[in-house]
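You will see chain A twice below: alongside chain B first, and alongside chain C after that.
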Partner chain A sequence: MPNGLRIILLLTPGLGLVMTLMIWVLYRAFAQSFGLYNFNGDDLLTLSHWQGMFQNRRYWNALEWSGYIAVVSATLAVAVAYPLVIWLRRPFKGSFLLSALIKAPYFVPGLVAAFLLINVISYHGFVNEFLIWIGVWDQPVRMQNDKNGYAIIGLQVWKQLPLAFLLLSGAVAAIPDNVLHAAQDLGAGTWDRFRKVVLPMTVTAMQASLILIFIGAAGDFTFQAVAGPTRENSLATLMVTYQGASYSDWNGAAVIGVTLMVLSLLGSIVFAALVQIVAKLMERV
Partner chain B sequence: MPDLDIRNVEMRFGGFCALSDVSLSVSSGKFITLLGPSGCGKTTLLNIIAGFLHPTQGSVLINGKGVTSLRPENRDTAMCFQSYALFPHLNVHDNVAFGPRQKRVARAETQSRVSTLLSQMGLDLHSTKLPNALSGGQQQRVALARALAVEPGLVLFDEPLSNLDAKLRDQVRSEIRSLQRELGFTAVYVTHDQAEALAMSDEVFLLNGGRIVQSGKPRDIYFKPKTRFVADFIGAANLHSGPINSGAMTTPFGPLSVDSPNLSMSTVCWRPESAALGGPLSGVVSSAAFQGSYLDVFLTKDGETIRLQISGDQHLEVGQTVSFGVPRDRVVIIEDTDTGQANA
Partner chain C sequence: MLRKLIMSTALLGLTSSAVLADDVLLSMSWEDIVAQAKEEGSVTWYQWYFEPEFRVVVEAFEAEYGIEVSIPDVSSVDDAINKMMAEQDLETGDIDLMSFNGSSGLRLTPSDLLTGPIQPILPEGESLETFVEGADWEEYAVQFWGNQTCLAYDPDRLSADDLPDTFVEFEAWIAENPGQLGFNFENGGSGPSLIHNIARGILGVAQADTLAETPDLQPVYDWFIENEDNYILTASNADSLSRFNSGEFIMIATWEDFIAGNINRGEVSDRFECYVPEFGLNGGGNVVGVAKNAANPAAALVLASWLTSAETQTMFNTDFGTSTANGQADSSAALVPDEDRANKTVWGDPLPDTDVVPAVIENVFQR
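So, the complex of A and B:
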């Protein structure tokens, strides 16, 4: 038996099952977006669901909104994580507690976090009550469901920071002290050491963090539903709306689902490439 | 080229004192060695000179100017690390060019420095390789070229040859020394290998337990050790203790002439190769190993053993009684008589 075939056969029971299920789901969503597996009538291979969606403002708005939230959240989370990681590179008094606190959000369910935030920032929430009590504001300020999505972005960064933190600390910890000393010895100050040594040596971890956070944030339902602006939809909330009781448009929902997957894939590729280019440029200047 | 002055430096890590009261000065263009057993504080002292560590006390002066609070990137030093510390993401050429680029040296000048150094180090053919594609010896030479490319006034070497095999070690050792003569930089060279220290240095500073125990020209350190530790650490040494009467010490092997008339308890030391066959002393051969250029002989008498290195064309049999002598001026009185020398 040829070696390649043997390897495939050996992998089949485990990997095969996973692949089959995954491809089945992907295929099903894809097929449904073209009118197959139709729950509301006869199966009919058609482009009409896509065409319908393309003429729908809400679809484009949701795509744009999800893209915006995902790009900003991923960029911010990584931008916040980098300095923290470098600061906590060497242990000091209290550093263990600090890095535990940074990782803690990973263990808090997103829905709980979103409700906590709402409690804090709502019209009669903690922040408003407190600021009125100490006399900074004389009447409550509306912060909930802000139209720029700051609450969602804040929640995303808070929730996803641990991921970036873990990936980047692994990469930064792998840089030997002596290599950084060597750069310093040859005249590189803090910023030069970062862009010429730390950045190129951790660029893969940064790409991984950005991609994972981007995909997570692009597919967000919870934060959007709880803390998002009422006039906006994310792709996920829009998808549920289509599928839900008022529309029952499974094919339309499938179109949105496939769009979300394409957004994740393209976003990842673009992000990875951009990071590579930016890192190279920063090494040069 | 700069000179270096280290004054009363102390380095504590918590309760542990890695260096205490270290003072030394190196004049411009000299090659000095910090020699000592592993853990005696050599790397710590280099890190203080380079600026990676702040001494808990004392000061470092380069060219008469205090640099104790100057950041490493602003000091005129370049370190050649024990672990090479090459940039793994840069190829050989870019590793060497890192320093000149950082110091905004003109492009053409950088280019010429890099290519000169790479050809001097025999690395021309490897300039586009990444460090992990090189052998240990090649990486070592890249590290050396990288340090020299900034044309530093003061080069700090941290055991740069410790990862090379014996033959390469000799080769790179003489490369370093001739480059130093050619470029004229001041060099502080750290090693735990006494042969290396003796062969390369203008001056040797011997450290033990965070203190300088003796310093001087290689010959003085070798032939005039001040303490039992120095005598033992540098080469092989024969030691005897006892009173000196009328210019001689009584040893199990016979009377040993000493350049001092009378002393109560004292310790003397002489080198195995200072002995010559024929003389007032004698012992029984317990082993004799032919080493090519010399014969390594161990003699015993009354339970004591000494070592002689005599010309390789001599034949001695185990069990044979041999008489020998040691010239008076090669027998040194060493300062400490205590046998439990602290050895951190």
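So, the complex of A and C:
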């Protein structure tokens, strides 16, 4: 039996099942976006659902908003993770506890965190009451559902930081001490050691972090629904809205779902390419 | 007796292998349907709100008929409808009796999903409504829950004498009290009702008018944009109410039964009042229908009958603050004053909310 065929046969029971299920789901979403699997009427192969969405301002706003939240969240999470990873690169007293605290958000469901945040920053929440009490302002300020999405970006960074931390810490810890010492001996300062040694040697981990966080944040439903600005939709919340009884537009929702998948794919490719370009540029500067 | 026994046995045989055909069920006498329901012995009712309360409410039904009622937790009406649609091609689905918000009938074909028409065979069918929130359920579903959108206010901060009643007074009030009116535009119909009736107010459309076509909505968009600082958009009905209860707003758009239910459970202050202004707010209700592929169709039908009976509707009015859905029921215990009922408007014509609300969202709130 040819070697290639043997490998395929060996992989088929596991990978084959996964691929079949994935492809079936993707096919259903794509087909539904073109009018097939229509729950509300007859199946009709058509571009009208895509055309309808392309003319819908809410669709473009949601696409822009999801892209914005995903890019900012992924970049900030990695930017915050890097100094922490470098600081905790070698063990010291208390570093284990610090490391555990950084990973703690993984164990808190996002929905719980979002509601906790809302409670704290609400009109008569702790923050407002405290700041009034100490005289910073006279009356409560509306911070809930802020229009710039700072709350959801904060939640995303908080929630995704452990992922970036775990991926980057392995890569940073693998850099031999003597490489960093050699760079230092040759006159490289902290910043130079970071951009000319650490960054190039951890670029793969950084790419993985950025891509995974980007995909997670682009597809966010929970944070947007609870803490996001009411005047914005993420693609996921808009998709659910169109599936709902107010619209019952499953084909339109499928268009949004496919768009979300395309955004994740394209965003990942762009992020991966940008990281390579930036890393090379920083080496040269 | 022998006839009932033969009929019941025959029907039991039918239902054991396949779904009871519509025409067989619908051609039976009410006594035979009740007998068949008792044979079935159980019914699953998909009801998306107040599930814990309804589990208590149906104990009276269980005691009367000996039919066990199962009310699973349902996250939303959308999820329940989606499940029903996904199961519509199955021979037997999980759902026997299904609750819908009235307006969902605008986007569904009742005969595709439901057994019927059921209204003619319900003992009190003549006192019930099948045209709800602008949707014609074609007698496949009947209203079991009456609700009214209203403006809830805090009497400690706004006297009943100072309530804005006409649209002009309402405009003046929000201008004098910026940021003190909260309403949602999705995740619940109370805000959309306000948006809908503001649009009618701006365009001068009265409930009795007939419009050949939807007028230009630009003045409506302009009004919402000009008044953007005067109102606060909330995330949902629940968000409006919790922020109102915390004192963030003086006035919110809400549902009468929603706030009454929360007051009854002690979750919000019992000092809150609500009213329907002269410029109108939509009233409507929720309907129940028997799933086309119900495993226990007769029991579902009997439960639908019990829920819509004058006696049960009077109890809903007292315990939940609903407006009654049966013309023979007593509706004197509701939160909205009786005189305000005359201000009730409907979701559909003139100027259907389906034309107004999505357009306002796209051109104003999420422009």
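Here is the rule we use: the second predicted complex is superposed on the first by the 285 of 285 C-alpha atoms of A that agree within 3 Å, B and C clash if a C-alpha of one lies under 4 Å from a C-alpha of the other, contacts with A are read in each partner's own complex, and residues count from 1 in each chain.
The rule is short, and it goes like this: a residue touches a chain if its C-beta (ideal position, glycine included) is under 8 Å from a C-beta of that chain, and two chains touch if they have at least 3 such contacts.
Model, not experiment: these values are computed from the prediction.
Once chain A is used to superpose the two complexes, chain B occupies space next to chain C without a clash.
In the superposition on chain A, contact is made by A:197 with chain B only, not with chain C. Of the two partner chains placed by superposition, only chain C is touched by A:225; chain B is not. Of the two partner chains placed around the shared chain by superposition, neither chain B nor chain C is touched by A:38. Once the two complexes are overlaid on the shared chain, A:276 sits clear of chain B and of chain C alike. On the chain A superposition, the C-alpha centres give an angle at chain A of 160° between chain B and chain C, rounded to a multiple of 10. Once the two complexes are laid over each other on the shared chain, residue contacts for A:57 go to chain C alone; chain B is not touched.
In the superposed three-chain model, the partner touching more residues of chain A is C, compared with the other of chain B and chain C.
In the superposition on chain A, A:176 makes contact with chain B only, while chain C stays out of contact range. Of the two partner chains placed by the overlay, only chain B lies in contact with A:185; chain C stays clear of it. In the superposed model, A:123 makes contact with chain C only, not with chain B. Taken over all C-alpha pairs, chain B and chain C come no nearer than 49 Å in the superposed arrangement. Once both structures are placed on chain A, no chain A residue is touched by chain B and, in the other complex, by chain C. Contact residues on chain A toward chain B in their complex (touch as defined above): 176, 178-179, 181-189, 192, 196-197, 200-201.
Chain C makes touch with chain A in their complex at residues 76-78, 81-82, 85-86, 100-101, 103-104, 107-108, 179, 184-186, 232-235, 243, 246-248, 358, 361-363, 365-367.
Contact residues on chain A toward chain C in their complex (touch as defined above): 39-40, 56-58, 61, 122-124, 140, 142, 144-145, 225-226, 230-233, 240-241, 243-248.
Put simply, chain B touches chain A in their complex at residues 50, 52, 71-74, 77-79, 81, 83, 85-89, 98-99, 102-103, 146-147, 150.
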